[in-house]
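Chain IDs A, B, C and D follow the sequence of writing; residue 1 opens each chain.
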Amino acid sequence: METYLYAPAFERFITLLIILNAITLGCLTYSYQDHGPDSPLVQRLLAFDMAIICVFVVEIVLKIYAQGFRFFRSGWNIFDFLIVSLGFLGGSYPLTVVRSLRILRTLRIVRHVPSMKVIIESFLRALPGIGSVIMVMMLLIFIFAVIGTSLFAPVSPEYFGDLQSSAFTLFTVLTLEGWPDIAREVMPIIPGSWIFFVSYIGINSLVILNLMIAVIIQSMQKEYDEHAEEEREDILAEVRAISARLERMANSPTNK
Amino acid sequence: METYLYAPAFERFITLLIILNAITLGCLTYSYQDHGPDSPLVQRLLAFDMAIICVFVVEIVLKIYAQGFRFFRSGWNIFDFLIVSLGFLGGSYPLTVVRSLRILRTLRIVRHVPSMKVIIESFLRALPGIGSVIMVMMLLIFIFAVIGTSLFAPVSPEYFGDLQSSAFTLFTVLTLEGWPDIAREVMPIIPGSWIFFVSYIGINSLVILNLMIAVIIQSMQKEYDEHAEEEREDILAEVRAISARLERMANSPTNK
Amino acid sequence: METYLYAPAFERFITLLIILNAITLGCLTYSYQDHGPDSPLVQRLLAFDMAIICVFVVEIVLKIYAQGFRFFRSGWNIFDFLIVSLGFLGGSYPLTVVRSLRILRTLRIVRHVPSMKVIIESFLRALPGIGSVIMVMMLLIFIFAVIGTSLFAPVSPEYFGDLQSSAFTLFTVLTLEGWPDIAREVMPIIPGSWIFFVSYIGINSLVILNLMIAVIIQSMQKEYDEHAEEEREDILAEVRAISARLERMANSPTNK
Amino acid sequence: METYLYAPAFERFITLLIILNAITLGCLTYSYQDHGPDSPLVQRLLAFDMAIICVFVVEIVLKIYAQGFRFFRSGWNIFDFLIVSLGFLGGSYPLTVVRSLRILRTLRIVRHVPSMKVIIESFLRALPGIGSVIMVMMLLIFIFAVIGTSLFAPVSPEYFGDLQSSAFTLFTVLTLEGWPDIAREVMPIIPGSWIFFVSYIGINSLVILNLMIAVIIQSMQKEYDEHAEEEREDILAEVRAISARLERMANSPTNK
């Protein structure tokens, strides 16, 4: 797919750096708490992290220099570029959030482990088929959130106080987590509200079932097409050979 | 499938109105709480909602006028008709419920987004196959609810007080949500009641597994039939061509 | 499959009685609580239930009389026989349990509704394939229950007090319900006990995944075999017709 | 697969011993609690357990003596060897843990029950395909654990206090168990933290869906390959017979 312009040794070095960076950032979470942000250990770990990110920047700059604009044609390159760039924004965003996102650099490892790369790529290929099911689920959450807020806001302000609370509550109900508690809070006061919950869960279960099947069918069809194609080609080749032989036979006696 | 008698521009206009209507009704949930039902903002939003519903009514009247009785042959048209009609009942039902159901008009968007329409239509086609499984599940809930009420009503009035409470409790157990708490309330008092819960969960898990498989098999069969049909046609066409050629060969020498 | 020796009208009458019986027993749960077990309403409902069970007994006696020993060859007949017999045991078992099991007679409806009958029969056919997976799960629960009791009994007597408590707890963990609460009770005292829970959940998830796949594959194979068989027969018939024609052609010129 | 060098009667004897051992160890959990570790009943059960383990040791020694180094080529033999060896370590590990692991000897039963053996073997064959999905999940848990610890440690020390707490919390969220409680603890203090939970659950649901599909596809492909192969062979054999007959026909007239 993509041409690497440097030696495999360099690539293995980058893989090692990514793993070292993950370990460094993992250690940082402990040292922050145990020694405080200004302790020499934290300072040294941060310096090491900075050194690694510098290598990453150099790596990407070299690759852009070597490949020019073609660099940005590979999705994995764009991903690397964005992940490494993350380390340089900061400014207006709260510092802890930006800092915590440094760990996303570990995701770069996926590109360097072939078995993981296969999973992520098959995953990304399946996304478009999933996309419209997720849109339907978001539409359902929106509709039920508006109904839920209108009906239950005075009864259960914690769960249905406003539109975004209702939407979050309905997302938790989507995972079925703790929904009976929510339902039992509302049901004694508003009769018939069980219809709201049962229909929401019923519809969503069927939509999720649909999602699963859509993805299974899609994967199987691809698998099947490849195999069936091959099988058909085998039989057709045999049959066509017979056809050609017949052709020759049909022609030869008339010529005689 | 269905012929639209007006320009695509008009259809796009209706799609826009549906989205605007969804936003309006979403905003209404906030303004109701923040400004009260009689504030000018709420009044203006309600007026806008009324204007949109008027356009919807005009749209449907025009369509019925143009298509006559054929209008009601399309399921989507009947759906539009019912959804828009919802806005006009009220009277005896509690006002908040009727009002909250206005948001169902947003479901009309599904018809105008092809990828969503495909999902909903495949979903509706799968329903009949699911129907009898759901009937079996409702039968199971009924039977276990009667047993549960008879045995556990005095011990756990909250969960098994009467038949509808038991049925709701058993629906929550169907989603596995919080069932150990319910079981642990009953088990110390009535020995052997774990059999009730374990058999209910066991049977239902297998029925749900059955449901999933029924839907998967159904979807795959359709998929497979299409592909296999095609494949078979390819091979059969080739084979029949040979057959026809043989026929000609068999006839030509005897004519000679 | 089985020959009915009486008219469809009689069968429809039995179906009606089963439904009436279900309604009667449903009503009984309410009247017991509202009016007490000796109220005239309860007495009348019980008498009606007794009348219905008498008809069922007569039905089965007639069927056994007509079909002789063949009656017991049909699984559905044996099922009917057992379900109706349930009403006559009592004696040593606690009365409320026996009474509550009367509702199982409603299960007889399954035989009279074809779409339900299909589901139950396909369900029973799938059971043997599931059986050994369930045996593996029970073996896992037993092994983890022994380990859990040995390690956690002093720490968490409620959940791991003795072998059957541990087995029930591990069954609830199998449904994933409330397992973090159980784990968090044990983990601060016994370090490394997270390995117990994580490995149990991990192994069981994979076994359940295996169970699902076993059933899906089994169902699909049957489906596929039927279709593929048909398809192959179509192609083979065509191919054999050609073969026969060739045979005739090969013979006719030599005869000439 | 493997040759048993002793009579089936001996194998049946070993199976019986495994079951007796399981019962003994199950009884031990009760007698420990009821009578204390030094009671005569416990002593007798322990002696019986020791006797059984001696038979197992003799069995394995005999098998190694008979089969030599070939013994260690069978995975099941290595498994037996490790499981029985477990009884002899002890020393540095805490005694209760080592003792509780004795029950793992019951796993030996799997080898002696063919239907269980099939499941475990198909399960082990599926593991490599699952392996890389589990690696992706562990990578996700690590990344989210580092982010979660950085952001939420001061707010929710119980759930996100340090890296391993966060990792365990995120494993519980993976099973969806109790996640709304965890999220609601953090969300009022750190705005936007719902993104953390919703994205974690969303990504993981899709990865698990992917895992399921990977295993289903893998199992089906093997199933399908076998059947399709057979079917193709049938048709190809027929077609090749025709081809051969044509060959003969084409040759015979020219010879005439």
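We adopt the following convention: contacts are C-beta pairs under 8 Å (C-beta built on N, C-alpha and C of every residue); 3 or more make two chains touch, one makes a residue touch a chain.
Quantities reported herein were computed from a predicted structural model and do not represent experimental measurements.
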Query raised in the report: Degrees of rotation, nearest 5, to put the Cα trace of chain A on chain D?
Result: 90
Requested in this report: List the interface residue numbers of chain A and of chain B, divide the shared ones by all numbers used, and answer same when the ratio is over half, different when under half.
Outcome: different
Requested in this report: State, to the nearest whole Å, the distance from the C-alpha centre of chain B to the C-alpha centre of chain C.
Outcome: 27
Query raised in the report: Do you know which chain A residues sit against two or more other chains?
Result: 176-178, 212, 216, 220, 224, 228, 235, 239, 242, 246, 249, 253
Query raised in the report: Based on which chains are in contact, what kind of graph results: line, ring, star, complete or other?
Result: ring
Query raised in the report: Each pair of chains that touch: what are they?
Result: A-B, A-D, B-C, C-D
Report summary line: Touching chain D in the complex, chain A uses residues 22, 25-26, 29-30, 32-33, 96-97, 99-101, 103-104, 106-107, 109-110, 113, 115-116, 118-120, 122-123, 126, 130, 168, 171-172, 175-178, 211-212, 215-216, 219-220, 223-224, 227-228, 231, 234-235, 238-239, 241-242, 245-246, 248-249, 253
Requested in this report: Provide the residue numbers of chain A that touch chain B in the complex, in ascending order.
Outcome: 131-133, 135-136, 139, 142-143, 146-147, 149-151, 153, 162-163, 176-181, 183, 187, 194, 198, 201, 206-207, 209-210, 212-214, 216-217, 220-221, 224-225, 228, 232, 235-236, 239-240, 242-243, 246-247, 249-250, 253-254
